[in-house]
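Each structure below appears as structure tokens.
In the two complexes that follow, subunit A is the common piece, with subunit B as its partner first and subunit C second.
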Partner chain A sequence: MGGEAHHGKRRGNFIQRTIDALAETLERSLYAEQLAEGGGLLQRLDPRVKLVAMLGFIICAAASRNLPVVVAIACVALGLALVSRIPFRSLLPVWIGMFIFSGLIAGPAIFLTPGPSLATVPWLGWQVSSYGVRSATLLILRSEVSITFSVILVMTTPWIQVMKAMRVVGVPTMVVVILGMTYRYIFLMLQSASDMFEARQSRVIGKLSNADARRLASATVGVLLSKSFQLSNDVYLAMQSRGFRGEVYTLDEFRLGRNDYIAIPIALVIIVSGIWFGYV
Partner chain B sequence: MDAIFTLDNIRYDYANTAQPALRDVSMSILRGQRVAIMGANGSGKSTLLRILDGLYFPKSGTVTAFGEPLDEHHLMEDAYAHAFRRRVAFVFQNPDVQLFNPTVYDEVAFGPLQMRWDKQKIARAVADTLDMLEITHLRDRAPHRLSGGEKKRVAIASVLILDPEVILLDEPTAALDPKSQSMVVDFLVGWANSGKTIVTATHDLDTVPDIADDAYIFQQGAIVAHDTPANLLRNHELLLAANLVHAHHHHHDGVPHSHPHFHLGHAHEHSSGI
Partner chain C sequence: MHIPDGYLSPSTCAAMFAASTPFWYVASARIKKTLSMRMVPLLSVFAAFSFIIMMFNLPLPGGTTGHATGAALAAIVLGPWAAVISVSIALIIQAVFFGDGGILAIGANCFTIAIVGVFVAHYTNRIVAGNSAVDSSRRVIAAGIAGYLSINAAAFATAVLFGIQPMYFTDSNGAPLYAPYPLDIAIPAMMIGHLGIAGFAELIVTAGVIGYLQKNDISLLSIAQTGVPAATNAAVSSGWQGARRMWLVIATLLVLTPLGLIAAGTAWGEWGAEELVELDGGQTITAAPTGLLQYAAIWEAPVPDYAVSFISSEQLGYILSGVMGVGLIILTMLVSTYIAARFTRRNEHSNP
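Up next is the complex of A and B:
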């Protein structure tokens, strides 16, 4: 696929910004795939082990009522990112996004939770409760830890292996097949959208008015929908042609290696300890 | 030679189009025959292949495959559908349509999995097929990240693994670079002595003499000619009328002049003037 990264920013009109955004999306996905094929610690583990362990860490963090335990699990996440050679700069946008999102939800608790006052907001007179700060911090930290583990999993495992691992651990086959097809065809549609915008751009002179830009966007969405409908029909025919009759049969060929046998008990100890101390 | 496919007075219409995609099509394709279906874009070639593969069903007329009617009712039966899909393979024009699995390995294994082969047999067959197509190094790659030529090889591998009796190919050399085109043609030529029946829809006249010993020309959904490739390719007026070659305009001593123009091999062949 021609998912070539556009390295120069072309800020300007609506079309240029749209092309930049599409190219960036393609670039990010390619970068994640490259990291997943790298030689870090997690990249060498069986995807099933990673999937189950990450899920365990997330449950552990989400279930913990103890702030130091959540901080310890966050340190595990950072350590795993480090030994898996995931640059922190690629995690930063995720952390900032999650901080804003969870902060909006947790923020009011700082003032609304009853408890000893830590400070008063000038002019507004709102009391900052120490219990409120603690519960907001806990919520934000849990969210950050969960998203970090999810991103680490996706960045150290090709998406196709994540899907296979999901199948092995019992996620319904049809759900995984739909996820796989979505992932696979989103690239085609993105490429198609990018090509369409570039073709339009080559025929647009000057700056588009907001109304024209909106018309252009809605027309493009319409064409893309129509194309995706055609594509899904053709794909279904291609599947039928090779014997697909509604049931999905898959090959699962993961094998546990020495690294996995070392990682499993370590992960188990961390998860069980986290859950145990998290409740204390 | 016995007939693999017999089509009798086929008509096929797409919704919301005034012109039928296929009309009055009658033909027989014999076992071991290599047939080229030639025609310009929109002439009905792809629709014909989809009918031969039991993906579309004609509005009127009958299709017989391996001596049995090929219809929706028959293909609902598990045993018949499995036997038919095992014997007939279709390589789509756009490999992106055909390659829907997460890895090349999964892609090639998809057909045998649907046929419920045991996993050891599948593993052996996939390894052999990847080796035959010289794509073993791609086995863990995502098909959508491959080049056009690699995608086409994977698409061919994904159908060859079942060792089908009939291979239907829709524009196999379209949108490929010259090296990949030559690779595909080499495969088609290589299959000549395999006893397989090969039906190729194409408007690439260059390749037809190498890949077929029988040919049809389609125009607006109907058969307008049926002969050997050599005879059809000599009939420049027919090729021009079917939009398979284009008129070439130039001047001789200042006098405007035009005649059919097409490319065979690397030479531009000019027929006698019109």
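Up next is the complex of A and C:
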């Protein structure tokens, strides 16, 4: 299983594109759940340890003023992906997407940032500034490193556990419960949105005009809104009939193991030295 | 795409979390009061809804496509406070699980989209829709304008966050460490795309859905008014008293802000055309680049150089300009609250 089924048939059709986007989201999370079951190194660690460590690494990358330190943190990310058996091909689209996005934003900075000139673009006469190149590299590398860590976290941890682990970093229990419920409804609604679009797609002959496509999108959102309100009422009644009185509890099954006690000091050393050397 | 990590300095990210927290606090307190136990499923379902509609690619006039954030729609249907929470939750899930927007940037993304975007949409809708009937076409127009302004306000706030990065965060050589463009580039660059493309996506979805609901499920449009799940009326009628705690926190932040502003010299990357020549001592740069002069003419801030001319100290001027900016925002909110309250005065008596 994986993302193959829906790639490569991106037709210009608005309905098909939305169905594809919805299906991709479903596939991506199912794939992540599957990887999270795998026997890599990170999969064996406590979700709380992983969450805090990944946050630490991301802060490290963000705080570093020093390019070699960001490169070193990038190596840590690659190493973690490797030992957690996250296939390279599932990270590649993330990297390419981020590179295109950040590249478009950072690209002009190479010429626009004042600083010592490195070279001149022939014909155009634009000066390539060394400060601009440095800034652009830092920006692109940092955003790539940060997204890699967050992808590693969600690919090695069942998502419900990531949410529960968020309590360690001060997210209130109520928010954790709402996040968990939201997560489940996302899949339900992805399914209904996808069904609605597929039902329409199967009845459309030829190309939908842009105006019709916009009307269709608004109507679908409207139906989805009515459905969500209905759903929330049903769920509320269901919760109430099961004794919900506004208090929320989560089952806290996390327990630190031997691996965690080894991982915590290692992560701590990397993060502290990263921040230390990054600041110099 | 929301702000990824690496574009904002960690201190900006922390400041944005601090700025969002009072809104989250007031929102949850308000929702708890009106919704009590209904809150948990309602917010989860609407957060999921916000998440899903951010994925709808819709064709726009001119051949491009865009997607809406749904912040304006949530603000109109749910009322602003419930919208703050559900849009924030959708943004958190997008950042953590789908890599759309950075983890450290969650505070910034929530502040721009779920707070600035939601409140701009709410007040715009209140003012334009006025006291018109729930099924009037004026409501559809109000929703469209609210959607358009909401996403543009969010984009503007984001552009300001990007634009202040090179002012404060540079390495020892002066090369920018985070988003590299100063305000005079960041603001036009962000606004062209949003005024031209993304704004219309939000306009179409918000107006389209309100129009659709008017015809097909009008009961949903009175959620915010009847106060069953949302606190719109309470928010408008109790106005400043209700949110006093939040304004106190903002005032404190405001007082603390100048601490970061006391930096010697000209803000890096914020040189005016003449300053550039002056800084260089006229050695290598004898004349300001023509391109810079051209750009400088495009974007003229309402308060040039951020310093009011009659104030001699540049730092004091800077601080005052900042305070003035925030004051203007609060004043705008006050005026719009007053206008909105006038429009809804009659409703207030019937809705205790």
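Basically, the second predicted complex is superposed on the first by the 252 of 280 C-alpha atoms of A that agree within 3 Å, B and C clash if a C-alpha of one lies under 4 Å from a C-alpha of the other, contacts with A are read in each partner's own complex, and residues count from 1 in each chain.
Here, a residue touches a chain if its C-beta (ideal position, glycine included) is under 8 Å from a C-beta of that chain, and two chains touch if they have at least 3 such contacts.
On a predicted model such as this, the values are computed, not experimentally measured, just so you know.
The superposed arrangement places subunit B and subunit C next to each other on subunit A without a clash. With subunit A as vertex, the superposed Cα centres of subunit B and subunit C define an angle of 90 degrees, given in steps of 10.
Contacts of A:L231 after superposition: both subunit B and subunit C are touched.
In the superposed model, A:A217 lies in contact with subunit C only, and not with subunit B. Legend: residue contacts after superposition of the two complexes on their common chain; A:M181 is shown touching both subunit B and subunit C.
By the touch criterion stated above, A:R242 is placed in contact with subunit B alone, subunit C being left untouched. By the touch criterion defined above, A:M98 lies against subunit C but remains apart from subunit B after alignment on the C-alpha atoms of chain A. Contacts of A:W123 after superposition on the shared chain: neither subunit B nor subunit C is touched. Contacts of A:K164 after superposition: subunit B is touched, whereas subunit C is not reached.
With both complexes superposed, C is the one of subunit B and subunit C in contact with more subunit A residues.
Of all C-alpha pairs linking subunit B and subunit C after the chain A fit, the shortest spans 8 Å. The contact surfaces that subunit B and subunit C form on subunit A in the two complexes overlap at residues 159, 181, 185, 188, 231, 235, 239-240, 244-245. By the touch rule above, subunit A contacts subunit C in their complex via residues 14, 17-18, 21-22, 25, 28-29, 32, 55, 58-59, 61-63, 65, 94, 98, 101-102, 105-106, 108-109, 112-115, 130-132, 134-136, 138-139, 141-143, 145-147, 150-151, 153-154, 159, 162, 174-175, 177-179, 181-183, 185-186, 188-190, 193, 210, 213-215, 217-226, 228-229, 231-233, 235-236, 239-240, 244-246, 248.
Of all the residues in subunit B, the ones that touch subunit A in their complex are 50, 53, 55, 78, 81-82, 85-86, 89-90, 92, 94, 96-98, 100-103, 105-106, 109-111, 113-116, 119, 122, 142, 144-145, 158-159, 162. Subunit A makes touch with subunit B in their complex at residues 1, 3, 33, 158-160, 163-164, 180-181, 184-185, 187-188, 231, 234-235, 237-245, 249-251.
Per the touch definition, subunit C reaches subunit A in the complex via residues 1, 4-7, 9-10, 13, 28, 36-38, 40-49, 51-53, 55-61, 65, 73, 77, 85, 89-90, 92-93, 95-99, 102-104, 171, 173-181, 185, 204-205, 207-209, 211-213, 216-217, 220, 223, 269, 271, 276.
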